[in-house]
Every structure is written in structure tokens, then in C-alpha cells.
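The next part holds the structures, each set out as C-alpha cells.
Both complexes shown next keep subunit A, but they swap its partner, so subunit B is in the first and subunit C is in the second.
Now for the complex of A and B:
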């Protein structure tokens, strides 16, 4: 039985009318491209003059580039949480969110690889990582798992889209011929045969299972870049799950933000309903609670013992130089959002989006606080060095280079969700009881 | 049909010039064969003659420790030059040695000569330290002292474990080196080192222009390279010439002992006196920096006791901008 008001024509129209080159899109892409060029100019300065154009020095030698990298890897984990975890346990309401989540996963995972190149003193020697690969180094593990996760996510984005592309190519005749040719090629001659559906369904299911360990690995290994050292603040046995749970917080917030944007701009309020925002609010509250639990462990246990190096580190965070940022992140990005999200009225689209923005900003600064302060107080005193070696202050060039990956992510997400349906078409049609019988 | 024509004579008459041609052809072919065979035999003979060589066989030891017989004519000197030679020696290390350093804190009065000698040898900027003297005070009630601190050349080096490209490595003689021809500049080693012993070439190295075209010596880490890590090398280039490290020789106060753990002997860089390593450590309460981290350092410290001079907090001479 078809749900009231939903016909195949309406669904196809609603979900594909955004596929056109409108002024808003061109202006937005123009803005992103020009900004990216400015940032690339900043990077060219770094290529020419060395990493010294950034504020990092011998003691704080990993700065914003690396905290950015952690943030990007974190955000990409959401693809696994939505599609694989919630999907496999049988949540039906996630259908309209899966493509948004997978697109975010693909974009952030792809760009994470580039972010880490911007942190290299010798980017032209990148091939050395493969030529002289040493299996003891967590960097090699990271390269391996991030590549794997990216490929799996790309497949998880593409496979469920095959049927949609075939439908659009046949049904939406108003699209330009070249675009329909692209869809035809990408739809791989899909004709809705039982055999094709069986292959696609099985492949997706295998991918959904495979992506769970891959996703857990990327952020666990990324946390090990820090946890394998003996420095106070990094020398922690719970860094893996601490990072993974934090990643779910950042990623869920990113998806809520994207949902709000596409619902408003692509007029998808019939598909991305208040129910979806309400449910995503519950998901965000749940993962935030888990993250809060890990935060409690991460700070309370060393804080109880106050070993010398830990004491210095914790003092700087809780009451010292970084205290303002620390409490903003903990209260504004974790405690208050959890409190608000307990109430249904804060899980409506507008308030939950505002909460998501706060959570996302706090998530970025959280990575900054994980990466930088630890390096400012190593085991041995820092002496006889210039003032700028003592405290890390990001430079303008460094900031521009750090903005570039965000622009790239926005460009990738914009392009993918401009030229492909944001909401899975075939699945939505089936769920609404409209069988897309358009294949001969 | 032409071929079924029974008329024979016509065929006969054509046969005789044809066979003459064949004969000449065969003769030519045979001639070529003889010439080729002769040439082959001759070259075979030459080859055999060469194989016998001078008849003089030499017994040589290969790199992997096997004895092989080689004709003296076949022996060619394997010529490695410049960077290749440096890399070869630099990766191998000096066989049979286990270098070790002892720093006597009771003698250090922060002359900082070790630092300047080191920075000069390795073409470093004033704020770039392979070795630095730190003003230490372990607890509020214990006396302050000066502590020279360089790379500890750990036997379980965290920096080497984390390096993704084997740019930093541990040699058989105990030295940890960094190959800046291979380093990708990820700085994981800097993050992993608990002794803050590593530095990075954030900007163009000090002597970049003057060092251009110089063969890179991995045992000296000169020329320094932009975007790569640098660190103390225990003066591996000096050890190869059987000399004491730059810092050890430069110290005016007898702080440093350097030597070979296998010989159980260390030599003081100022007095040139050689003493038993085990006795020196035993009699003076030798210890290591943060041994609880399991890094197994190759640098030992003698405690800052019975100092014959007051602790002075010298003004910082480091430039303020870099």
C-alpha cells in the first residue's frame, strides 16, 4: 500500500529536482574554489620555505595540522555508525540519512590523507612510506587502514546508488544528455532483475560488516600515534575507545548539520522529517554520554594519583593556560548539549542543529587540546631556546593551510550531493510502498 | 590444366639450369657455415682461455662471512664514493664496539663549550641543540645542578620503533643515527622521544648555501637538510677516526667520559685519563635518565655531589627569535 500522497512521480521529482546548475550552487562553488586557491597559495609558501612558516617548533612539533588530521579521521567514522551499526541492528528510519553519512565519510577520509601530507617536512618523499615501509610504525598501519576505510566507504556510497541512477536515467528526461549518459554508465546496466538485486544486496551486507572493524581501526590506530609514546596526557590505555567514542560525537553532529542544510535548501522536509532529527538527537545524546564516561576516566584517574608529569599536564588543562578552552569544550561541547538533548523540544530541527554546531566546534578544539598541551611540558625542562619555541601559536599561513581541507571536504560533499540524489530513491520508494516498476 | 600436362621433355630441359643454381647456392651456404663455425670455435677457445684466467686463485671473505675462491683477474675493487660510501659505512657501524658516554654532573659548571663545538661541527643554528645543558632541580629542597643532555642512544629506542621509513636506525655499535636523505619529516620520532633529544630543520639550515654540493655524510648529518630531523650522533665520524666526540673533547671541566662498553674502558675528554667503566659507575653511583621508561640509555650520569663551585644561574645567551 502506497503511503498517502506519495507517488513515484512525486518521489522522483522531489529527490532529483536539485540536480541542476542553479545560481546558488555556482556562487557557492565559486566561493569555495577561490578560497581554496588562497589556501593553496599559503601551502606553496610552506613548500618553498619549509614547515617554519607554521608556529610549530622543536617542542610542540605537532600542531594544528595534526589535530586537524585527527578531527578529519574522527568525522569520517560516522558512515560506519549510521549505515553499518544502526542499519545492521535493524533501524529502518536511517534510510534517508545513509547517503549523507556515507558522503561525509568518503569526503573526510579522502581529505584526511591530504591533511597529513601538509604536515610533512618532505612531502615529495611520500613514496618512501611505501618503498621503505617499516611495519613497526603506526604510521604505516594508519595509511593502510585509512585507505581501506576510504575504499569500503566509496563502495558503500556507490552500490546503493546504482538502482537510483538507473531510475533517474530512465525517468527524469529533463536532465542534460551528458549527465544522463554518466548515469547510464554508472548504473552498470541495472535492470532490477532478481539476480542483480541479489548481488547488490549481498555485496552491501558484506561491506557493512567489513566496514565495522575498518572504521574502529582507523581511529584506534590514529589514537595510537599518541598513545604509543610515554608522554603525560598521551600515555593512556583507553585512548583507542576514547577517540572512537569522540569520533561518533563529531560525526553525528556533522550529519545533523548536513541534514538541516539539505532539508532546507533541497526542500526535502517530507523525507528528512522531525522524526529523523529527533532520533539523531537521541543518537548524539547517547554517544555524547559514552564520550563523557571516557573523559571522566581519562582525567579523573591520573588526577587522583597526580604523578609528577600528569600533575603538570592536568594543572595546565584544568586551571592553567588551556583552562578556558578546556572548560568550553567540556561544558559547551559535552555537558550542556547532553542536558538539552534529554528534552524532546531541543531535538527539533532548529535547536538540535544549533547544538550540533556547538558540538562540532568543540570537537575540533578537543583535538587541539589532545594534541598540543602535552607537548608543551615534556619530561625534561625546556631551556635556552627562543620564546616562540616555548608556547605554540598558530601562524596565519598555517591557519590558511588548515582551512584548505575543510574547503575540500565541502567541495566534495557539495558535488556528490548535487549531482546524485541526497535521499536514496529506490529504497525510499519501496518504503513508501511505491514500487518503481519502470524496468521492462 | 598446365600441371597435368604429360609432356616431360619440357620439364627435363628446365631441370639442368635449376640444379646448377642449387649447387652454387649450397656451396655458398656451406662456405658461410664453415666461416661461422670457425668463428664460433675460435671465440669458444678465447672464452675457455679467459676462463682459466691467470691460474692464480685468491681466497676472499664475502660480506656474509663465507670464504670464496676468486681468480685474481676477476677481482675488481668495489668503488663506493661520496654519499654512497658514507651511507654504507653509516648504516653498518663499527664492528665490535658498544659506545657509551658517562657524564659527571659534579664537574659541570655550565661552560657550554660542548654545545658550541657540537653546533659548529654539525652546522647548527644557536637554538638548535644536539646537546644542551639544563638547569635541573629535582625537588624543591634539593640543590640545583647543571645537566648536559644529548641523545641517550637508547638500546630500546622509541624513535626508531615509530619511524615509518627506517630513516632513523640503531647500529651495531649502539649509535642511533638519522638519515636525512630518507627522512620524510613526519616528526613522529620527536613526539616519541622522552628526552626531547631531537630537533627539526624548520627553516633553511644555517650553512645551506655554503654546504651545497657537499656529499651528505650520515655520520655527521652534514649538510643539514630543510624539513628533516637532526640529533646527536655520538660524533660517529670522529669515532671512525678513533677520536673522541666533539663535545667530549671541548669540555674544559672534565665532565665527559667516552668509550667502549666491550672494553669496559672510558676516557675523560679533558684529562685524557682512561678508567674502568664498571668501576667508575660503581664507585660514583652512576645512573641513567628515566630508566623506568625501559629505553635502556647508553648515556650514564654520575650524581652532582661534592661540587666545588656554587650553582650559578647564568643569563640566557640564546637568540630570542627563530
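Now for the complex of A and C:
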């Protein structure tokens, strides 16, 4: 039975009307492109003058670039949580969120690799990572799993969209001819035949299962880049799950933010309802609680033993130089959001989006606190070195280069969700029980 | 008016604050300024100084006259410049010896002669330089001790004999000298037991532990030296290579397959795990790509 008020025409219209070149879109893309060019100019300065234009020095050699990398890998994990994990255990309400989540996963995973290149002094030697790869090196594992996860996410974005592409090609008649040709090619001759549906269904099942270990691997291996050293703050056996749970927090917040934006701008409030925000609020609260639990382990246990290097590190974090940022991240990005999200009224679209923004900002600074303070306390005694080796301060050039990946992510998300339906068309139609599309 | 003056002074102070670190002077004690080299700065000496300079000084100060010093704060500056060359030899020698952060001290890195060679090298960039008359070092009048190491393989004892070198070049057994024995290890030297004070015959005995791992060739390298923390003596250590110690037949850490080794010596299980995982996952990816071809073909209208 069709849900009240939903017809095939309404669903098709609502979910595809944004596929057009409007002024707002062009202005937004123009803004992103110009900003990206400014950031690329900053990168050209780094290429010309070397990594010295950034604030990184001999002691803190992993600065904002690496915090950024961890943040990008973390945010990309959400695709797995929504589509695979919640989908495989049979949550039906996630249908309108899957494409947003997969798009975020694809965008962040694609850019994560570029972020690493920004930290390389000689990027033209990138191929050496593969030519001289050692099977024993977590760096090779990281490059491998990120590439794999990106491809899996891209397929998981594309396969469920094949039917939608065929529908757009047939129904959205206002599009220019060349664009309809693109949709026709991408829709792979889809005609809703039982065989085609069987193949698509089986392929998606395989992907949903494969992407779980792949996603867990990318962030676990990223955490091992730190945890396989004996540095205070990194030398931890729970770094894998600590990173993974933190990734779910960042990714869920990113999805909520995207849901809010697309609901408002693409007028999708019939599909992204208060129920979805309420449920995503519950998901965010749950993963935040898990993350809080790992945080407790990560700080309380070394704090109880207080080995000398750990003592210096923990003191700087909890009461020293980094204390303000640390407590902002822990209280503003974790404790307060959890408290608020326990109440239903804070899981309404506007409050939960505000919470998601706070969580997302705190999530970036959390990565900063994981990467940088440890390096400011090297085991070797510091003697006769320039003052600027001791403390890390990001430069303007470095900041611009660090903003570039965010712009790229926004460009990718904007393009994908502009030219493809934000909400899965065919699946929504099926769930609402309206009559099926006719594919000639 | 007063307020305005105060404002100007404060502004001036604030603006000059960042430069204070740069303008800090490096005071050299007056008596040290007058110190002169113990030898003439010949071209040969200057050549030796150049080698020392390129190893120890060049990385920060760059090539004299080329203004290519490292970008540090305060700037290291060009040592061939007029301002640098206005300093006396003694001032330079003092600064090289003591250092002042971020410049390291070279007291324990370069010998006195080597430090003077560097001064000599830098003076070669100053055509107007006339060297003050050298003053030879004072002859040392304290105790001059040399050591002689022998090994008694039957008793497994290391015997250190200490001699006082007398003015007329004769040797006499040196009693009451504190001697320590060390054995060379891969990194640095390992002290063997406690230091021993020589007896009236100038002899100190150490028992060589039989279970001490020897080098790969079955030999152990010993070093004996005098402990003279106050620096009252001129001493010469002695070394000895003996066929003693537990023979070491452990394979080198780089011979077997291991985590830390190169790619060709990666543990088999890591290679297998990595390769299999990649093959399985990418096998599925290729399978899915082929499925997409199938979707395309089966959708063709006949």
C-alpha cells in the first residue's frame, strides 16, 4: 500500500529536481574553485621553497598535515557504519541516508591520499613508496587499505544508483542531451530485468560484507602508524579501537551536517524527517559513549602508572600548554554533546546539527592533540637547537595548504550530490509502496 | 605631555622586543681576548683548519664570503665579514671553546690545536690580518702516566702496569693510580668491574669474566685508562686484543627473516597474509566489475 500523499511523480520530482545548473550552484562552485586556487598557490610555495614554509621542524615533523590525514581517514569510515553495519542488521530507516554516507566516504577517502602528499618534501618520489615497499611497513598497509576502501566505497556508491540513473535518463527531460547520454552510459542498460536485479543485489551484498573489514583496517592501520612507536601518548595497545570509535563520532556528525544542508536546500523534508535526525542523534550518542569509554582507558591507565615520559605528556595535556584545547575537545566535543543528546528535544534537526558542528570541530582538534604534543617531548635530550624546534606553531601557508583538502572534499560532495539523487530513488519508491517505474 | 612620552617609550620598547634576542652581546673575558695561538698560521695549518671547519662549522656558518649561512635566530653570520674579523684570535678561540646556545661548545669535540686551526683557516679570508707572535704552551709539570696491558690466559687475569714517565725519559712503576678496564662493545665501551688502584709495583689486576660474549671472531678488545677526574695528570691509555670471552655463534640480527629487515627478508607469514588479503579483496572487486559488464550486456535490447 502506498503511503499517503506519495506518488511516483512526486517522488521522482522531489528527488531529481535539484539536478540542474542553477545560479546558486555555480556561485558555490566558483567560490570553492577560487578558494582552492589560493590554497594551491600556497602549495606551489611549498613545492618551490620546501617544507620549511610550514611550521614543522625536526622534532614536530608531523604537524597539521598529519592531523588532517587522520581526520580525513576517520570521516571516511562513516560509509561502512551506515550502509554496511546498520544496513546488514536490518535497519530500514537508513535508506535515505546511505547515499549521503557513501558520498562522504568516497570524498574523504579520495582526498586522504592527497593529504599525505602535502606532507612530503619530495612528492615526485611518491612512486618509491610502492617501488621500495616493505611488506613489514604499516605505511604500505595504509596505502593499500585506503586505496582498496576508496574503490569499495565508490562501487558501493555506484551499484545501488544504477537504477536511479536509468530513471533520470528517462524521466528528467529538461536536461541537455549530452548529460542524458552520460546517464545512459552510466546506467549500464538497466531495464529492471530479474537477472540484472539479481546481479546488482549479489554484488551489493559482497561489497557490504567486504567493506566492514576494509573500513576497520584503514583506521586501525592509520592508528598503527602511531602505535607501533614507543612514544608517550602513542604507545598504546587500544589505539586501533580508539581511532575507529573516534572515526564513527566524526563521520556521524558529518552525515548529520550534510543531512541538514540537503534537507533545507534540496527541500527533502518529506524524506529526511525528524525521525532520521532523532535516530542519527541516538547513533551519535552511542558512538560518542563508546569513544568516551576508550578515552577514559587511554588517559586513566597511563595516568595511574605515570611512567616518566607519560607523566610529562599527560601533564601538558591535562594541565599544561595544551590543557585549554584538551578540555574543550573532551567537554565541548564529547561530554556535553552526550548529555544533550540523551534528551529527545536536542535530537531535533536544528539542535542536533549544532551539536554535530561542535563535535566535528572538536574531532579535528582531537586529531591535532593526538599527533602534535607527543612530538614536542622527544626521548632524546634537547640541546643546542633553535628555539623553533621546541614548539610547533602552524604557519599561514601551512594552514592554507591544510584547508585545500576540505575544499576538495566539498567540491566532490557537491558534484556527486548535485548530479545524482541525494536520496535513492528506486529504493524509496519501493519502500513507499508506489507503483513501479516502467523501463521500456 | 608626560603621558604621550610614556606612550612613545612603551611603543618603542615593545617594537624593539623581538630584536632583543639578536642584539645580545657575547662578552669574552678580557684575559681570554689576549690569548694568542701557540703556533704560526701557515698555509698547511689553514688547510687542516678548512677540513675541521667543513665538518663542524659549515652546516651553520656556510662558506666564508658567500653569505650562505643557515637561517637561524640569531643569524650565524659570515665569519669573513669585517665585523667578525675585527675580533681577536683569543675571542674566537674562546667562543669556539665555550659556545653559546644555539652555537654548540667545542671544548670536548675539538682539541685545542684543532680549534686554533679553524681560527687560522678563517684568517685566510682576511688579507689585512697580521698574526700576533705565537706563545708556546707552558710545559706540563704534573705527573705523566702511561699504561701497559697484558693478559694472563692461564689465570684469566688482565694485568695493567702503570709507569710514571720521568723527566730524563726513564720509566718508574706508578703506585696509587686509579685504573679502570673497559671492553669494546658494539656501541661504546663496557666497564669491567670496579676501578682498581695500582700497588707499589704499579700493578692493577682485573679478573676477566669467562662468560662475557666475545666478538664474532672470538676476540675481545680491552681498553685500560687512568681515572683522573681533576685532570692533574697527563695519561695515555692502552688497548689489547685477546682471544678470550665466550665465543659468539648467534646469527646476526639481519641474517634471518624479521620485522626489521629489508623487503627480501620479510617474514614469510607477513608476505603471505598481505598478498592473500590483497588478492582476495581485489579478486572480489574484479568480480564485481565483471558483473557490471554482465548487467550491461543482459540489458541490450535484442
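One rule holds in what follows: the second predicted complex is superposed on the first by the 438 of 440 C-alpha atoms of A that agree within 3 Å, B and C clash if a C-alpha of one lies under 4 Å from a C-alpha of the other, contacts with A are read in each partner's own complex, and residues count from 1 in each chain.
By definition in this document, contacts are C-beta pairs under 8 Å (C-beta built on N, C-alpha and C of every residue); 3 or more make two chains touch, one makes a residue touch a chain.
Since the structure is predicted, the reported quantities are computational estimates derived from the model, not experimental observations.
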Clash or fit, subunit B versus subunit C on superposed subunit A: clash
Contacts of A:269 with subunit B and subunit C, given as first, second, both or neither: neither
First, second, both or neither for A:136, with subunit B first and subunit C second: both
Which of subunit B and subunit C A:120 touches, first, second, both or neither: first
Partner chain(s) touched by A:384 [first = subunit B, second = subunit C, both, neither]: both
First (subunit B), second (subunit C), both or neither touched by A:231: first
Subunit B versus subunit C as contact partner of A:44, first or second or both or neither: neither
Touching partner for A:33 - first (subunit B), second (subunit C), both, neither: neither
More subunit A residues in contact - subunit B or subunit C: B
Partner chain in contact with A:200 - subunit B first, subunit C second, else both or neither: second
Subunit B clash site on subunit C (candidates 21-29, 39-47, 201-209 or 219-227): 219-227
Shared subunit A surface residues [contacts with subunit B and with subunit C]: 132-134, 136, 140, 383-388
Subunit A residues within the subunit C interface of the complex: 132-136, 140-141, 144, 148, 151-152, 155, 159, 162, 188-191, 193, 195-196, 199-200, 202-203, 206-207, 210, 214, 383-388
Complex contacts: residues of subunit B adjacent to subunit A: 127-129, 132-136, 149, 158, 161-167, 182-188, 190-192, 194-196, 198-204, 226-229, 289-290, 293, 316-322
List of subunit C residues in touch with subunit A within their complex: 72-73, 99, 101-104, 259-263, 266-267, 270-271, 274, 278, 281-282, 284-285, 287-288, 291-292, 294-300
Complex interface listing, subunit A residues touching subunit B: 49-52, 56-59, 61-62, 119-123, 125-126, 128-129, 131-134, 136-140, 225-226, 228-231, 375, 378-389
